[in-house]
Amino acid sequence: MDSTRVIYKRPFSLGILFLILILLATMPFYVQPYLVILLSSIFMYVIITLSWTIFSGPTRYISLASAAFFGVGVYTSAILGQALPLPVVIVIGGLVSFILALFIGLLTLRLRGMYFIIFTFGISELIRHFLLWWEANFTGTVGRWVVIVDNTTVYYVMLVIFIMALLTAYLIRRSRFGLALRSIGEYEEAATHIGINATVVKTTAFAISAFFMGLAGAIMATRWTYIDPRIAFDPLFSFMPVLMAIFGGTGQLYGPIFGAAIFAYLEEILITKFPYYYMLLFGTILIIVIMFLPHGLVGLVQKWRKGGSRR
Amino acid sequence: MFITFLDVVIGGLIMGGIYALIAVGLSLQYGVGRVLNVSHGEFIMLGAFATWSLYTVFGISPLVSLIICGPGLFLIGFLIHRTLFQYLRGTSESIGAFADSSLLASFGLLFIIQNLALLIWKADIRGLSYLNVPVSILGAIFEANRLIALLFAVGISLAFYIFLTRTRLGKAIRAAAEDPATAQVMGVNIRRVLAICFGLGALMAGFAGPLISMIYEMQPTMGLEYTIIAIIVVVLGGLGSITGSLIGGFILGLIGSVVTNFDPGLSLVAYYVIFILLLLVRPTGLLGKS
Amino acid sequence: MRILEGKKVTKHFGGLAALHYVDFDIKQGEVVGLIGPNGAGKTTLFNLISGSLPTTAGEIRYKGKKITGLKPHQICKMGVARTFQSAQLFAGLTVFENALAASLFGKKRSISVPDAEREAMELLEFVELSPVSTILAKDLPVANQKRLEVARALATKPELLLFDEVMAGLNPTEVAQAMELITKIRNTGITLFLIEHVMRAIMNICDRIIVLHHGEKIAEGTPQEIATSRKVVEVYLGE
């Protein structure tokens, strides 16, 4: 029934995707600098949300650790940015996040899902407290200055990370690894009984998603000039990807991307216009979305499609 | 030397009492209502700030605020559960889906409440100076407010413990917490019990807030840390065991007091280390079911 | 050859002994039934064998190798598969994807995706589900859900198959079809261990029957012996 549509869509949507990518790649040349900065911010949210969806989408384990992984990337940049070339710093930021995720995963993913959520909830706070204490007692510097990088470079790095994350998410979805993840999300006990090593599969996906968040954090740090643990580990970054992914809908890849893009743009506007109210607004939107739009935009689109072609 | 020891013990018991209260509150909301209420800390913060306002504007003592904030927050919690969470419960496709959506909804509450608090009270650190008079016991000098806070924290915890273990309603709540399905079969009006339990969780927050305001400083952003601590205590005591949360609260409070004595910035780190050890060795906690 | 043996298998939940010193052994190629009143510990025993739960005491060996203490995915790869009392299907995946997942991951040696896809389709045909392969598992009627569970278990290429009340909730026609399917499976050489309440089926298919009551083995023998055993009749009538 839908199969003819899919086959017809494939070359069509690939073509559009390609056009969009070319558009994005050439943007800095003909667009105002302000928009380049805005787009970098939007990319940041899209990458974090997309990465979050790589793990939390299929497995249904809600990770609240995004702030920790993004923050680790930011802080790595702050520590190493003066000493090492930018590409190396970015990769190290990603790797440290990766290793942190492995640790968290092996610790909590062998237990029931609730322990995982609980543990990830406080982890960014924990790291923040720990770093504050460490910096105060051992290195003497709370707060570091970051090497400044020009906006165009930041933009292109973010674009590259976005493409990498998108490609990874796409390949995972279509691979046996993705099927294993979805099986775990559907019924974990049954999944283990057909031979899936759930702990290893989950931890790997979790670490992959952390890697991209760390990469993004490491480059975005250069926009903030001054970093201290409080700035690097903002709990908002744990909350945002969840909201954006739910708003967009986690069933399809385009859901988190559009959800994040729309929300990031909204946030830029709202923060400038209503700096004192935006948390209130986001909280309200989240509750409304959960109550009335549980499958997000993707759910809306699918309902609309089903309405068109009778079942 | 002895005085420092006593100070640490008293500080630990105060913190312990407060931790016990907030952990029991969270445990009621999670154990019975199956809602992991990450906005729990915000309720505590509301209790603390309401107390501050009542004191600075109307001169109402924090001890009196206990009676105002407790039931007040109970009502708010009850209503929120009756409307938001029961709606989600009704429209969720499965228990797992409800757990997820209620978690996210409570996230939304966290942000709404915190933003409201920031709007009303601004981001400054505030403190109450109430009964800061020195009192002499056994030759050692303590502040009256700390002693009173200790009395109330331990007192309310004990009272609640007795309520849970000796009264009929208390036993019904514990039964519903440990086995909601059976409780429902046995005629317990599960929807009302759920809303009451959620409200009771808020009640605990409403008690903890004023007590905290008496001794510690407060900021509208303080909620998150208390939520995390409550969660760690609940895991320490054992998911599903309310008495475990009581005991766990005091244990963690004492540990926290000892750590704070050496280095104030490390207490949350110490709690998380305990958390990690728990997850490695005995995830079911002290009194949890194996 | 003994494909499965259990020695003094014991499981405690808190203070409650769900299984106590249960011994059993199953020879390759047999069809063995496991019966007993509700709460006798039958599913618990399956949970111990498949690795869902750890034993409190005792040992279980599969083809001579100790499997107590191993994780479910390891035991599955060794050749033990099971179905569950309430179908644990991947509800949001299609029938085909359910079988495919098992094909891909259930065996010791890694298999290519095209091979796994072919195998999955063959298995769906074996259980007569190929017409509905693109339907979501949650949209299947109960009888077909059970078939899918069977197909999924078979896809892991097991030598020992544990069926937990595979006929529960089926009408008489469906029960007859299930019995045919079980015989088909038996004829491929797979050893079967069945928990069942449908007496007609047990008595007809099984070579041997083990009876549990309150966590203990109270009888063992051919269907004939069990049917005429006074002990067993008492236990069932007493319920």
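Labels for the chains are A, B and C, by order of writing; each one numbers its residues from 1.
By definition in this document, a contact is a pair of C-beta atoms (placed from the backbone, for glycine too) under 8 Å apart; a residue touches a chain by one contact, two chains touch by 3 or more.
These figures come from a predicted structure and were not determined experimentally.
Colleague: For the pairs A-C and A-B, output the one whose chains share more C-beta pairs in contact.
Modeller: A-B
Colleague: Work out per-chain C-alpha centres and flag the one nearest the whole-protein C-alpha centre.
Modeller: The most central chain here turns out to be A.
Colleague: Going by the average position of its CA atoms, which chain sits the greatest distance from chain B?
Modeller: For chain B, the chain whose C-alpha mean is farthest off is C.
Colleague: Using mean CA coordinates as chain centres, what's the chain B-chain C distance in Å?
Modeller: 46
Colleague: Could you state the distance in Å from the CA-based centre of chain A to that of chain C?
Modeller: 42
Colleague: Taking the mean of the CA coordinates per chain, how far is chain A from chain B in Å?
Modeller: Going by mean C-alpha positions, chain A sits 32 Å from chain B.
Colleague: What are the residues of chain C that contact at least two other chains?
Modeller: Where chain C is concerned, no single residue meets two or more other chains.
Colleague: Taking the touch rule as given, give the residues of chain A at its contact with chain C in the complex, in rising order.
Modeller: 176, 179-180, 182-183, 186-187, 189-198
Colleague: If you look only at chain C, which of its residues touch chain A in the complex?
Modeller: 50-52, 71-73, 76-77, 81-82, 84, 88-93, 97, 100-102, 104-107, 113, 116, 152-153, 155-156
Colleague: What residues of chain B sit close enough to touch chain A in their complex?
Modeller: Where chain B meets chain A, its residues are 36, 38, 84, 87-88, 91, 96-97, 99-101, 103-105, 107-112, 114-116, 118-119, 224-225, 227-228, 231-232, 235, 239, 263, 265-266, 268-269, 272, 275-276, 279-280, 283.
Colleague: Residues of chain A touching chain B in their complex?
Modeller: It comes out as residues 60, 62, 107-108, 111, 114-115, 117-119, 121-122, 125-126, 129-130, 132-133, 136-137, 235, 239, 242-243, 246, 276-280, 282-287, 290-291, 294.
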